[in-house]
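Two complexes are shown next, each including chain A; its partner changes from chain B in the first to chain C in the second.
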Partner chain A sequence: MVQPQTKVMDETAPPQASREGAVLEVKGLRTVFRQRGVDVSVVNDVNFDIRAGETVALVGESGSGKSVSALSVMRLVPSPKGRIAGGQVLLDGEDLLRLDEPAMRGIRGKTIGMVFQEPMTSLNPIHTIGRQLGEGLRIHLGLTGKAARERSIELLDSVGIPRPAERLHAYPHQLSGGMCQRVMIAIALSCEPRILLADEPTTALDVTTQAQILELMDARARALGTATLLITHDLGIVARYASRVNVMYAGRIVEQGEARQLYDNPRHPYTRGLLESVPRLDRPRRQELPAIEGLPPSPGSLPQGCPFQPRCPFRQEICGQPQALREISPGRRVACIRADELSPFDGAA
Partner chain B sequence: MLRYLSVRIFSSAIVIFGVVSIIFVLARLVGDPVLLMVEPGTTQQDMAEMRTALGLDRPILEQYASFVVGAFHGDFGDSVRQSTPAFDLVMDRLPATLLLTASALGFAVVGALILGILSALYRGSIIDRLANALALFGQSIPNFWLAMMLILFLSSTMRLLPSAGYGTVQHLIMPTLALGLFSLARLTRLVRSELLETLSQDYVRTARAKGVGPVAIVVRHALGNVAIPMITLIAVDFGALMGGAVVTETVFAWPGVGRLMIQAIGQRDFPVIQAGAFVIATLVVVTSLITDLAYALVNPKIRYA
Partner chain C sequence: MTAADLEPAPRQSPWVVRHLAHLLAGAFLTVAILSALLARWLVPYDPLMTDVLSNLLPPGTSFDGQPAYVLGTDMLGRDVLSGIIYGSRISLIVGFATVVGAGVVGTAIGIISGYHKGWLDEVLMRLVDIQLAFPFILLAILMMYVLGQGLFNVILVLIITTWPIYARVARAEALRLSTSEYVTAARALGAGTPRILLRHILPNAMTPLIVVAAFSVPQMIIYEAALSFLGVGLPSSELSWGTMLATGRDYLTQAWWIATFPGIAIVCTILSINVLSEALRQNLDPNLRNQ
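The block that comes next holds the complex of A and B.
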């Protein structure tokens, strides 16, 4: 369906990093927001990595700190309220948090591309598609005039936009939400970045459009060898696209591992609750969908110890003590003291 | 587009007609011009003859009818005092008024952009606070008082600038400040708040995620969106500036339409008042028409079918 028109990485010789090394490694990331004069941690000691070309998911409810984690990687946390208070963001081993602003601008849009949740408001209403697409090409690749135009047409074509040459002159309000998100993907991938951060890219779209956009993003990222961080609250789409999953709760990663393992055998009660609340076709139709009781805590008033403890059906007294993310098998980490005691899961989506 | 334009021009004509009609009535409420023109001791007979000569003895509806007919032909009658056509008197003074309002508006727009952008970018800083204080100050002081304080300070005490008159750049400085400060203050607040609003929009985040630098973010991505509400306010301010010009011109003895109007009102020179009102109303209406057309240039969502 989609023709990769752009230069595709040589598939017979994958880049060095894909063997084991991570392209992006986030270590001990802490991002705080100032609320009524107090710094509140929205992202707290978050660790995850992405290997070249793979898709990693960051899953959690609204307000769990997923988007802020991605914005922290880009160093686009809204200031002056928010700021990164600690940790490292290593891109090929180089700490992005130590770069000066001009050097960081050279990374944004070139090495790391980003797609946002609301395609309709993420494009500037007063500029044409062509102008917004051409901007990154000019900044990072020095393309102007005819060269930029031709490349823009190629890019729009590659994201499945019909009559791309005409669309260059269109304004965002003349396109549908799905089309706008295609344009956003074209912009994010225009400089063939090594990493794509996709922050809930389909949440604002129609269900029918969602699948198309995800397929497109996946296909384009594969064609370019771009690694993807897929941020979502929708576990259904994670299973299809991500090889590894990080589950976030109240600003912390509570479980991480290979997608298949995590789905088959969730070890954190929160992950388990999330999986149980995904509607499934093999359950009796009239059965009520299980839900996690209560509400996630606000970042300003986290409970003592495990943040999930007040809602957890497996809670014990010991849960009032801090829970660290610990490795229970290679590549599999969970932040629950009772992880080993949980009964086997009866299968997931 | 053509249809839109013709509707707009038609409605503009109605507005101008209405304004001029109201002025026609209001002018006649100030009194009898003949009483101001005659020497003491003139007989009733002589005064009646003068009224007949000026056409003031006719019924008011008849006067109005001949005024409307004349106005349609660009003839507003001769000045009661000087026997030249009133319209020519107004047009002679128009360049001075246009120079003053354009200068004041330019001062306001450029100043507001600089102050507004700086205070939005450095929110809470000393620049922001100073700009805020200036905005409050500019909106609260009456321009005639400011004009007199400027004369007192810059002319009488410091002897830097001429206190009145017309002709050189030095003559233009104080009237521009006095007339433009109010608009500058209002526009500064608008630019600041709109820019802050725009900078928090998703599309600005997208631009930053593309690696766009801070200057281009403001100039290319934000200001275009700020321009839309700004144009509206500028159009409104233009009318206010025209009104303010009447006072400012009088204080600085600036030979513009405003001062001519004040003199004409003092002398009950009806044709000049009417011609002046017509010209000012036309300018304001045409400006608002141009503004509406300018929207289409700045905002791609607006297209006049």
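The block that comes next holds the complex of A and C.
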């Protein structure tokens, strides 16, 4: 985050597979929550894909629908209020939304692992670390007793927890937040899944621990060949780990593309606003940090047309018309009618 | 090392002193349970033997310098101490069996209801509402009348009338826990509903349920007494603390000991159970265990 580390980004990046090479492909996903008898779209026509072994970021502010997108992939949207109203979630071409519940349980934890935001509360306070690590092993690999114990020790060791054999008997409250998140990563990767969904994995941690956890997650995912969906509101961490970025706003993806391109030349005014509001070393210190005016709309009362329009400095009459994500160059999509007219981005407003 | 040197840990009082209440409670319950088991050999008199000549004798009455009726006699001349020893059997069985039965039934229904939500929750909770809308005593009398007197029927009826309390509490806990992050994390790991209910929700929902159960034991003892008093519980030939309390009430002004001693037995049992259940709760909670 402080110094961009180029080696992580380029040489070791996976070969550019075609779109058919995607392990996970989300198409036209729409997830709604019932509010006072009305279905409100929280995730609206979301499309993105992840290729084998690749790290893809899903960026947006609180309430933009990032977490609900991840929960929809897992089919864990809290029912009965929330439900997936449409779209496809293709895992190796198979639509997860059409699977029955037992088949879906076989996918969760085995093919798709998940890490959550709050490590301290994502572990059950009354079970030991060992028991919780053993849960996935028991469910998917049928490991019990000594075999499960040995595998658990290996797993704890692989996420850099000292004295793993002793830690098996520890309770979550005896570990720090960073340690708990390491345990969560060990659990999520215990069955060597093909995809890891990391929902704000470092938001609840302090800055020094954040870097360690992200390094660890990246290293483990690479070692296992696991593709990662990194969900975050922090553009700083995206630059270093993700090869492609999806920017979400008000339940829609407003821009997607290669991380480098998107950073150098954001085409959606919202992405621009986000990038401008990140403090940078190469700008005058006394200059005021630009902020995006206003607040994000609530899912129940989206403005007509472009959802970002009321806060957009480039707003025009035409923005009241419906906007669709359109391809402006290969792999690069943006949902702004004026994307081509905007002046080149110079990093400073 | 320095911290230890500067501030020596406060001296802990001896184990016996710290756990005095637990020891006393445990001792009392042990005595109560033993006297229930060994009642036949412990009683100084046949508890049902009436002797009109020695009725309403105060506690500590002695014959020929020999202590006779330690806790006095009732209006029919029956020995109160023997009655309490014999009555402990019924009271303890009713108290524990109904709480365990109602607790298991109510908790199972409650956590399924709270975790499943939706239509099942609606159906089960309306059932609970309907049952709670009935006055307890009316429902119990009606059922006892249909089923007939007897210990098993008393337990059955008390289970049927009190499970909704556990269902309510368990449902509230399950609702709270079903949205907790670790339940979502367990589901994301592929855990099925039975595993989530039994390993993640039930153990975390236990604390309030144990408190409710501990407070219900004495209540069940009293309910049994009430049913017996109304003539639909146990036949009057059966002795329980409840029946003794009920009969002694009429003589409270002349012979306070008839109702007082069974009352004290009930109070001590309640207190002991509460003290021990608090200790149990602390031991179940890993956050408190290591303190």
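The rule is short, and it goes like this: the second predicted complex is superposed on the first by the 326 of 349 C-alpha atoms of A that agree within 3 Å, B and C clash if a C-alpha of one lies under 4 Å from a C-alpha of the other, contacts with A are read in each partner's own complex, and residues count from 1 in each chain.
Criterion: contacts are C-beta pairs under 8 Å (C-beta built on N, C-alpha and C of every residue); 3 or more make two chains touch, one makes a residue touch a chain.
This is a predicted model, so every value here is computed, not measured.
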Taking chain A as the common reference, can chain B and chain C both be placed on it without clashing, or not? Answer clash or fit.
clash
After superposition on the shared chain, which partner residues are touched by A:R222: those of chain B (first), chain C (second), both, or neither?
neither
Between chain B and chain C, whom does A:P125 touch in the aligned arrangement: first, second, both, or neither?
both
Determine, under the contact definition given at the top, whether A:S79 touches first (chain B), second (chain C), both, or neither.
second
Does the superposition put A:R149 against chain B (first), chain C (second), both, or neither?
neither
Applying the document's definition of touch, where does A:K27 land relative to chain B and chain C: first, second, both, or neither?
neither
After superposition on the shared chain, which partner residues are touched by A:E135: those of chain B (first), chain C (second), both, or neither?
both
Common ground on chain A, meaning residues reached by chain C in one complex and by chain B in the other
74, 76, 78, 102, 105-110, 113-114, 116, 118, 121-127, 135-136, 139-140, 171, 173, 184, 187-188
In the complex of these two chains, what residues of chain A are touching chain C?
71, 74, 76, 78-80, 102, 105-110, 113-114, 116-118, 121-127, 135-136, 139-140, 171, 173, 184, 187-188
In their complex, what parts of chain C are in touch with chain A?
117-118, 179-182, 184-192, 195, 199-200, 203-204, 284-287
Going by the contact rule set out above, which residues of chain B touch chain A in the complex?
200-213, 220-221, 224-225, 298-301
Could you pull out which chain A residues touch chain B in their complex?
74, 76, 78, 102, 105-110, 113-114, 116, 118, 121-128, 132, 135-136, 139-140, 171, 173, 184, 187-188
